[in-house]
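What follows is a group of structures, each given as structure tokens.
Two complexes are shown next, each including chain A; its partner changes from chain B in the first to chain C in the second.
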Partner chain A sequence: MAREERRTPDIRQGLTGRGIVKRYGKKEVLHGIDLALEPGKIYGLIGRNGAGKTTLLSLLSAQNPLTAGEVLLGGEPVWENILAMSCICFSRELNPSGEAGTAAMKVGQYLDTAAAYFPHWDREMESRLLAHFQLERREKLAKLSKGMLSMVTIITAMASKAPYTFLDEPAAGLDVIAREEFYRMLLEEYAATGRTFVISTHIIDEAAAVLEETIILKDGEILVKENTEELVSSCVYISGREEEVRKAAQGLRVYHWEAVGRSVGCMVWLREGEELPSDCAIQVQPVSLQKIFAALCQEGGEAQ
Partner chain B sequence: MQAVLTQEKSIYLQIAEMIENDILREVLLEEEQAPSTNELARVYAINPATAAKGVNLLVDEGILYKKRGIGMFVMAGAKEKIRRKRRESFYQDYVARLLEEARSLGISREELIQMIAGQDKEG
Partner chain C sequence: MTGQGFLAAPGGVRGLGFWWRQGWKSIGACLVTAAIVTPAVLLIFLAGPGLDAGSAQYIFLCCFLIVGFMILLIQENVSFQAHIPQLIRMGSTRRETLWGLTLFQLPMAVGLLAAFLALGMALGLPAGRGLAPGLGILLAGNGLGELLAVLQRKLGAVGLLCYVVLYGAAGMTLSFSLTMLVEGEVAAFGRRFGYLWGNGAALLAAGLILYGLGRLSLRRCLSKLEVR
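Now for the complex of A and B:
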């Protein structure tokens, strides 16, 4: 009987999703997503609650079956492919009231279960981070605070040493100092190994400088996938008297039009090569990634 | 170094500017090693690709140069080069804005000149 031999996927070729569709019952959550993750980059995945971020990450890591489409690592299908799956770590947000099995586990058991999947699991790093976060292996997950659960998911992600590592809301529940520590730790690990990371977060401006590329998911579709620096520098907030702003914004992509007394303001997303006219009496201000996200994802979307 | 990053300007431009400032103020000397991309990424908690973009901008302008296998160094004559460049943009960056604000406040040219002269005496 000819049995198909699985080869170790070539991780340098990237992780690719094609036509990803996911339905839960009658509800379609993702509507045909094409996404290529290149090796050696830190991606940010942002979207409103319910946009499909967690679902997308679970499909890309073969923890959840696709309704349609495919996910390939180095050209090899990821689904039921143990060699490919050992290269992709999806460290889920832990919720002690959630899955009964996980809640009863101790920190050590949870980490050991994860370690069994990843051939390059780093025990030394695991103990170093446990000590750093002042966590004990014998503590029960159900007894941990939200912030401490985030730390467990961060340890899982880091120690997995998986070439493709996804973190779902790692910053949730962490205080500001722990969040800064997390991003430094992430950058250090990234500088040392060149692993690919995908980080989903709602605390966008804190993460922006760390993210080489930003992926914005809206209503089950990818709205934006751009180099973060380029995206931020191509968006500006313009304001002034209405006729001047209208004149300046003519033909440009305009979002989040708002009137403040006699003056109006809006965000403009310039396409490559586009510029604001220099003969309009308007104020031009930079916009942060969080503001861009809010403007793009607001109800109504493109204004005017 | 060790200035704080703002959101007013692209991060890579701020990185390039901070290195320039250090050269201008002789915190970094010519022919001395400049901070590496990874160091910059760590200190400012930014993506190394962004730090590299800032450093490469200075390489393109002939302010830093790369010694293979060792790292980035400050080019001889870099300080003078930065000075010349900043002098050229001084009018646009500072004077033009000063004049515009003075105009909208109704401050006359004479008053302005007096302010500058007075300030100079005090300092």
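Now for the complex of A and C:
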């Protein structure tokens, strides 16, 4: 078998996806996505159900084959590349009821099996997190609640010590205290190691504080990839009498018009250097990341 | 990066411990089931009229191997449907799962081959004569297991039906081959058609072909396998 020589990827060069297309049968789920993930950042990947978040992460981590395009880590192709794949951990939601192999496993067996794929797996961290979440190694995955399964995926992601770690809905099923603990843990790990995390989540406002960059996926395309703080500060919600709001929004990127009683409101996304006119009688309010996402992704959310 | 194959895979294989443990679990299941089922079948045959001790021994051997062979197929299918997607989700490469599956087959293959040889010798077959057909049967079992697992995944219910039909056919072929082997008929059959190496070579060749086909189809399937 002829084999290409592969080198250890330089993870400082980042993980890059170029022209990523994914088709399931005749349905195209991702349409030529270009994405660069820099080292040492926490990214939030948000999008509506079916937008292609899990598919994108599974392609970036070489868990699924691409229809077209390429994924490179430090310039080296990721597909079937052990050296690259050891640097990328995509800890997915566990569903023992739909997966015979997973259902038969105990927590300890699952973690031991996952550990084999990551050369820097941290046993000490694994034990600490197991104790913290009060999980037993001998418990069967099939008997765990949704929240406890999320804890197993979090332990896998954290203990893997993979420089690029993706978490798919890590907060699903976790109670509010466990979610806060998770985000605290994530920040501690990020501060200590500088690993890159990509968090796919629907609980946006809770996660917003830890996300350095936000990637919004809509209908299989990247709609937004921005610094979270800059994105939030450049978006405002304006409301007032219709003619005043329309005058204020003239020439700006406006999303999601809505009637609020006798007045109207909309979200405005200001470009660099743009400002709202000062001579309009409108109310201006800050918007949260969740509101921005909703305005951009709702029906009729296109810029007007 | 379309047409992504295994050919570009770098060296090194991770996660073999998992497959090794699964292999030993499977041989345990295989031998225990065979040991329980075969005496039961034997008892049914012995209850029938006119069965001498030699025939009973022969039937025991046949049953043991058929049951073992079928469990081999089932295990193959289970590991393909259950373990491979799970390990890919954990970060395994497709090539690693292929090597893992080979390692998984090893303890069971060695165990079944040893059982085949031991029982064959008990029936008066020289060990050397049993080796080639034994290997052939095991390779065929593994190859068919891989082939059918792929078929089932690709074709769903139709594949499952094919699986059941081929499964039965494989069992019957094995039984038929064994009958001819024990009675020395394969060699005679081979001679009539100009085969030089007789029964063992014929069975071994069939096994190799099936194993090759199984591997090829598995590789193709794995390179396109989607994990959800």
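Basically, the second predicted complex is superposed on the first by the 299 of 304 C-alpha atoms of A that agree within 3 Å, B and C clash if a C-alpha of one lies under 4 Å from a C-alpha of the other, contacts with A are read in each partner's own complex, and residues count from 1 in each chain.
Here, a residue touches a chain if its C-beta (ideal position, glycine included) is under 8 Å from a C-beta of that chain, and two chains touch if they have at least 3 such contacts.
Treat the numbers as computed from the prediction; the structure is a model and nothing was measured.
**Q** Does the superposition put A:Ala191 against chain B (first), chain C (second), both, or neither?
**A** Touch status of A:Ala191: first partner only.
**Q** For A:Leu211, is the partner it touches chain B (first), chain C (second), both, or none of the two (neither)?
**A** So A:Leu211 only meets chain B here.
**Q** Quick check on the superposed pair: does A:Ser233 touch chain B, chain C, both, or neither? Answer first, second, both or neither.
**A** first
**Q** Does chain B (first) or chain C (second) touch A:Pro286, or do both, or does neither?
**A** Only chain B; A:Pro286 stays clear of chain C.
**Q** With both complexes overlaid on chain A, does A:Lys53 touch chain B (first), chain C (second), both or neither?
**A** neither
**Q** By residue count, which of the two partners contacts chain A more extensively, chain B or chain C?
**A** C
**Q** Is A:Arg179 in contact with chain B, with chain C, with both, or with neither (first, second, both, neither)?
**A** A:Arg179 contacts neither chain B nor chain C.
**Q** Should A:His256 be classified as contacting the first partner (chain B), the second (chain C), both, or neither?
**A** A:His256 sits against neither chain B nor chain C.
**Q** Which residues of chain C touch chain A in their complex?
**A** 1-2, 4-12, 14-15, 17-18, 78, 81-83, 85-96, 223-224, 226-227
**Q** If you look only at chain A, which of its residues touch chain B in the complex?
**A** Its residues touching chain B are 41-42, 180, 183-184, 187-188, 190-191, 205, 209-212, 228-229, 232-233, 286, 288.
**Q** Chain C touches which residues of chain A in the complex?
**A** So the residues of chain A in touch with chain C come to 1-6, 24, 58, 61-71, 77, 79-83, 85-86, 88-90, 92, 99-102, 104, 113-114, 116-118, 156.
**Q** Considering only the defined contacts, which chain B positions touch chain A in the complex?
**A** 5, 7-12, 38, 41-42, 44-50, 53
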